[in-house]
Structures are given as C-alpha cells and as structure tokens.
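As written, the chain order gives the labels A, B and C, with residue 1 at the start of each chain.
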Amino acid sequence: MEILQVKNIYKDFSGLEVLMGVNFIVKANEKHAIIGPNGAGKTTLFNIISGKYKPSSGSILFKEKDVVGLPPHILNHLRICRSFQITNIFQNLTVFENVRAGVRSQVGMRYHLFKTPDRDSKINARTEEIIEKIGLTEVKQRLAHELSYGQQRALEIGITLSSDPELILLDEPTAGMTREETEEMVKMMRSVAENRTLIIIEHDMDVVFSLADTISVLHNGTILTSGKPEAIRNDPKVKDAYLGEE
Amino acid sequence: MNVTTIFILHGLVYAGLLFLVSSGLTLVFGMMNVLNFAHASFYMLAAYFSYSLLIWTGNFYLSLIVCPFLLFVIGAAIERFLLRRVHVLGHVHELLLTFGIAFIISELVKWVWGTAPLPVTIKGFLDGNLNLFGTVYPTYRLFVLFCSILIGLLMTLLLLKTRMGIIVRSAVDDSEMVSALGVNTPKVFMFVFALGAALSAFAGVISGPLLSTNTGMANTILVDAFVVIVIGGFGSLIGAVIASLMIGQLQSFGVLLFPKFSLALIYMLMAIVLILKPSGFFGEKK
Amino acid sequence: MEKRIFKSIWIWVLIVLVIMVSFPLLAKPHQVNLLTEMIVFSLYAVSYNLLLGFGGLLSFGHGMFLGLSAFTTGAMLQRIPGLPFFGAVLLGTLIATLVGLGIGCLLLRHKGAYYALLTLAFNALFYAIAIKWQKVTGGDDGLPIKRPNIHLGFTQLSMSDVTVFYYVTLVVIGCALLFCWYFTKTAMGKTVLLLRENEERMQFIGYDPSISRLILFTFTAFFAGLAGSFYALFFKFVGVDAISIDMTTTALLMTFIGGTKHFFGPVLGAGFYIYFQNFLSDVTDRWPLFMGILFILLVLFVPRGLSGLIQSLVDHLRKTKN
C-alpha cells in the first residue's frame, strides 16, 4: 500500500526556489531514506510533510487523503510524526514528562480539567515502555537539559515515538554523534521503526545503507532518482551529484 | 481664524511629539525585539530635569541640549548594564526589566519632585503668537512642530546617508545577519537604545511648556506611542510618521467631537489593528 | 518540580490550616482584616502566575478581570435589592470569565510583546470606560458597597463582622486556591507547561497552542474575577483603581517577588506585598519605590523570587544535614 504520495511539491521563499517539483512514493512499512547535498531542501520537504510550512503548490496524499496545508497538530492526530535536526525538546521537564506529553495527547487527554495523568496507569505504562525503548530508563526523572547530547537525541526520538506514529519522519537523527552513539542510535531506530513506515534524512551513508530499503536522492529541488540501495550506490548520476563529493 | 485649521495644527504638533517618542521605541523593538516600557520614562525624566534646570539657570535652550545628552548616557548605561544582563533569560524577562525600570523611575520622580504637577513657563520670543496665513497660532507650538520636523529630517539623513545609519537599518531588518557580517551588534544596540532615549528626552523637554509636567505623563504618552508603533508597524520609521499623524489628528478632533470616548477610541483602534493586522501597516511580521 | 521540606506536604498543610483557623482568636481585628486582604490577593496573584509562571504568558491586563468583577458585584448589589452574598459573587465572577473568554478568543495567535500590548490595550479600554460610565461605576467617586448577610436557613452570618467575613473568605478562597493547585496536576495543567517550554514542539505532538492559551486565559480570568468580587466585598468599596493598569502591575509585582516557579510563590508575594504596604505606608508615601527596587533586584539577580530563595535555603540545609 502506498502510504505517502508526494506529488509535484513546489516551494519558494519570497522568490528563492527551494523545491521545484518533488515527486516520490513511500510504501507502508518501508524504510525510506532521503539523501542529498546540503541545501537541497530536505528539511524543507519534511517541514511541508509535517505541516510546518505550506507548499507553493502540489499535494501530499497520506493514505489516499490530501493532507497539504493541515496544521501540525492535526497531522499528528493522523499519526504522522517527526523529529527535529536541532534538538527540540522540553528542556525544563523531566524525561518522563517529555515522553508522557506525547503519550497522553495520543489517547486524547489533552485539555482535561479534571483528569490527572499521574493517576492513569495506562498512560504511565506506555510512557515507561517508550522510555525503555530509547534506553533512558535510568535517567527518566532527570530534567531534559541535564542530559548528554546523545541522550537528548534519544529523547528527541522518544517524543516522536510517543504519538504512536504510523509514519515517522526523522531529520538527521545522528547529527553530531560519535561512532558508538551512532551505532546505538541505529539499533534504536531499527526497533522503533518496526511495523511503522520510516522516512529518514541522513548524511551518514553507513546509517543509510544499514537502515534503508529504499533511497531517494534530492538534488536541486527535485528527486534525482529513487531506488534500492545497491542501485543508488552504483548510479553514476548520484555519484556525480552527491556521493562523488566525498 | 479658521477653527479647523487650528485643530489640524494641534494634531500636527502632537504628532510631532509622538513621533519623537515612538521613533526610538519602534527602532529598538524592530532591532532588539524588546518592547521598552521605560521609553516614556525617559521622556518624563527629561521633562523633570528640564524643569529643575530651568529654575536653576533660567535658560530653556540649555535644557534642550543638556537633557537629551543626559538621557543618552542613562539610556546607554541601562542597555549596557541592565538589559544586556537579562537578555539571555528571554523576552519575558526583558519586558519585566523594562517594566521594573519604568516603575522605579516613576517612583523616584514622585519622591524627588513630588506628586503635584509642575508649571514650566517660557519667556521671550517663543512665548507669543505668530500670524500664519491669516491664522493666529501660538509660537511655541510651531516651535515644537519645527523641532520635530527638523529632527525627523536629521534622522532620515543619518539613516540613509551615513554608514552608521545603514548598519542600524540592516540591524533592524536582520540583526543576526549583521552580526555575522562582523558588525559589533552590541555596540549598535547600545547606540540605538541610547539614541531613542535621547529623542524621547528631547520630546520631554519641549513638552514642558506645552503639556502638563506631572507624574502621569509617562503613562499617557506611552500608550499613545504603543498605539503608534502597533499601527505603523514594529521597526518602521515611515510607519511611525504616518501613524503619529493619524493619532495626532484623532486626539485633536477626538477631544473636540467625542470628548467622552476619545481615550477609549485610541485603544480600540490599537486592539483592532493588533487583531486584524498584527504587523501593522508597514512592519515586518515578527 | 515540587520539593518537600518535611517528608509529607500534608504536615505543612495541617500546620497552615491550624494557624489560619485559630488566627482570629489570637489576633486583633485589624490584623484579621490584613490577613483577609492577603488571602484575597493571594488568589489574584496565583491566578496571574498560572499565566506567567506556568504558561509563560506575560499579560498586562489581569487587573481588568479583578476590576470587572468588582464593579459588577458592586453595581449588582446596588441595583438588585435582596441580592444574596454569593449571588453577587457569582455574577461578578461570571462577567469576568465571559470577558476573559471573549478577549481570549482575540488573543489566539499572539505571543510575547503582542500579547502584552493587546492585554494592556483592553485593560486601558476598560479603565477609560469605567471612568466615563459614571452611572454604573460611580466614576471618580466610586461605588460604596454594603455586604449582604448570608442566610443559612436556621441562622444568619453577619458579614459585617470582621471574623465572620474572614472565615467565609478563608473557606471560599481557600477552596479556590486548592482547586488552582489541583489544576497544576491535571492534564490541562501539564499542557500549560508545554506552552511555556516549547510551543512549537507541542504542536507536533498533537496539541493546539491556541486552544491551550484560550482555556488558560479564561480559567485565570475566572479566578481573578472571584478574587475581584471578594475584593469589592472586603473593602466595601470599588473605585477605578480596581480596574486600572496599576492593579495589573500589582499582580505582576506580587507574583514575581513571591516567585513564579513555585505554585505558592505568589501567595508569599501577596502576603509580603500587603504586609509591607501596610507597614511601610505608615513610614513613607513612597513605599512603592521599595517594591520597585526589590522587583528589579530580583529580575536581575534572583529571578526565582522569594520562594526560590527559600527553596535554595532549604536545599542547602538539607545538604549540610546529610
């Protein structure tokens, strides 16, 4: 099933054209990586899919429904969730509260004046589960700003996961990480992405080739080519545009 | 004697005063994203300094020079030692600080000069009337108008033609970029903040013989200045000019036509603009 | 983060309760009055802090809710003969809440300086109206108010009695404060923190910041209104001061001085402010200067306020004990 169809997305910022006709398809449960040189528009694309920006034109079909222009919180309810390249967490709340915020939103306990999350065992259990998955159980009562960079990146994913997404968008999750941290992160992402569709923006080719079953290359505002990792690896056009820059 | 002309002139005079106060306010907000609640306090402080200086020396023209200079220094000190400290704690904190400064200045003024309104009188050439194309109009008011226009022109020259002016305009537009280009942005901020204070001070001095010098004068002009920068757009000097003219006429004719509601009208106008077009008519969306 | 001094916070609650209940038996009437005033302003300041400390929203219009409710309470008591005590309170609180809802809807998309300015504009607007609408508000002269007695069927509570009024205030406002405290534990109370911490991210996990802001604003307007009607009944008078910007800045000062990071900070701040207002105004007319200087010192050096200082002291003592 094609869970996401990106059709002819154009985006310009006051004349500066960033995306000039992006087309690609993501199948359900696929692990889809988007690669491309810096400034190609990858994060802008994510911002459009996740509702932060409206495209200048084009449509985005999620499970056959056009979701272009919907605000981020509605897209979240549809279970499209994203993480951020620059860590975007709730600094002065504990790890537990960071994750629980998303969990309780997912079960609809958002604005209640008479329900207390502390008392809800289901929500708290789900939260513990997710925290365990991201490996932060030991520090779950620590304030987010007290965590190390790697832990904060893990929390970043945890928050994304807390909304129980069908479609996860991860924006450079391993940015700034050491080799060991990256390996840990890849393991985590594999477990997180089980039974879900994953789209990941990455620069680290090792991560891409170990996680993705499909790769799209974004270059000059359009998708240069899409395909299986081996095909992309050997594609001369891609080598010219990107891999050749190494 | 055309009554309408007189009221139009009244409106222009007040607009001039308003522009002097709001120009600094809008530049500071546009550049530093700080809404300076103490801006009108500089206006008030200068008016009170001027009152004392007048009693001391009898020379009004001296106040015109000394007070703005004094407030320039005070403004620079406030930016350098207080505002900058609090910058890292966030916008809310900056607002709290400027509010606190305004509060303290207000209380200090009450303490030193008392709560009764103070009379500031002018003698000599400025105290009289001029015959302007058949309309007799107080000389002093024309003087205020003249000063505002002169300063407005000087500012335009400064901003358009000098290097400092270009830097300031760029910083209002995009301070991060300016900093990335190697400009010493803290210094620019301090300069603009101090300049705004000086302009406000100048307005305060010339307001003395025109309006009442009292402990509520800061709040009165502050709200009007806020309305001006909201309507004109945060960061826009042209907007400040146009909005000042509008508010000036509204005040002038409002008091004449709707005496009970003129005050409320202005706040409603600000609220409407904020709701419908938050960036004002000329401002950038922040 | 709630930190405890004794093992359980309930011991503290019990101590405070005992003190509050026995106070009139041990103190003079004017002291009881002072404490009543502190209780009323505690609610006002706490409601303001839910906006500022918990929600991260700097409002310059909180005074309009206190004032609107105060004037409504007073005006209704004047016009409706036989209006019961709690009827007047209800009407005042209701008006403040409805206005809060209405204005809150206009504030949906605004933040930071815009929020401050818009709330300021509305406060100034209501103030201007209050001054001019003399028929209802009494204009510069204000509205005198007579406290209606509370009829309980078998007996009657004489509200003109200082002690009786104190106990009624203690119970009603006390419950209101308790509910506000409970609020911070509810889902909405937690959501409000997200608003303060990271409004962008909260959207991406499914929260609508505009709705959150609206609910919070209306909620705090309700409690400011409740405080407002008790304000009117306490002073037996409402003047335009009640709806002035000064009333708003009073909230800001009390809240910030007490400390915005703890729920009970504003309670401390209100008590401190009113006590020193009472104490210092005998000494000098310029006691607000003292508050202003304290405020600035706190903004610059101790943003966590007095409650933050106490917290640090307690932590320090606990560390040295271990």
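Note that in this section contacts are C-beta pairs under 8 Å (C-beta built on N, C-alpha and C of every residue); 3 or more make two chains touch, one makes a residue touch a chain.
Bear in mind that the values here come from a model prediction, so they are computed numbers and not experimental data.
Any chain that touches chain A and also touches chain B is listed here: C.
In this view the innermost chain, defined by its CA centroid being closest to the centroid of all protein CA atoms, is C. Across the assembly, the mean Cα position most removed from that of chain B is the one of A. Centre-to-centre, using mean CA coordinates, chain A is 49 Å away from chain B.
If you average the Cα atoms of chain B and of chain C, the two centres end up 34 Å apart.
One simple way to say how far apart two chains are is to compare their mean CA positions; for chain A and chain C this gives 43 Å.
Put simply, chain B touches chain C in their complex at residues 29, 33, 35, 82, 85-86, 89, 91-93, 95-97, 99-101, 103-104, 107-108, 110-111, 219, 223, 226-227, 230, 234, 260-261, 263-264, 267-268, 270-271, 274-275, 278, 286. On chain C, the positions that touch chain A within their shared complex are 1, 183, 185-188, 190-191, 193-194, 197-198, 200-208, 211-212, 215, 219. The part of chain A that touches chain C in the complex is made up of residues 50, 71-73, 76-77, 81-82, 84, 88-93, 97, 101-102, 104-106, 109-118, 143, 159, 162-163. Across the interface of their complex, chain B is touched by residues 52, 56, 58, 106, 109-110, 112-114, 116-118, 120-122, 124-125, 128-129, 132, 245, 249, 252, 256, 286, 288-289, 292-293, 295-296, 299-300, 303 of chain C.
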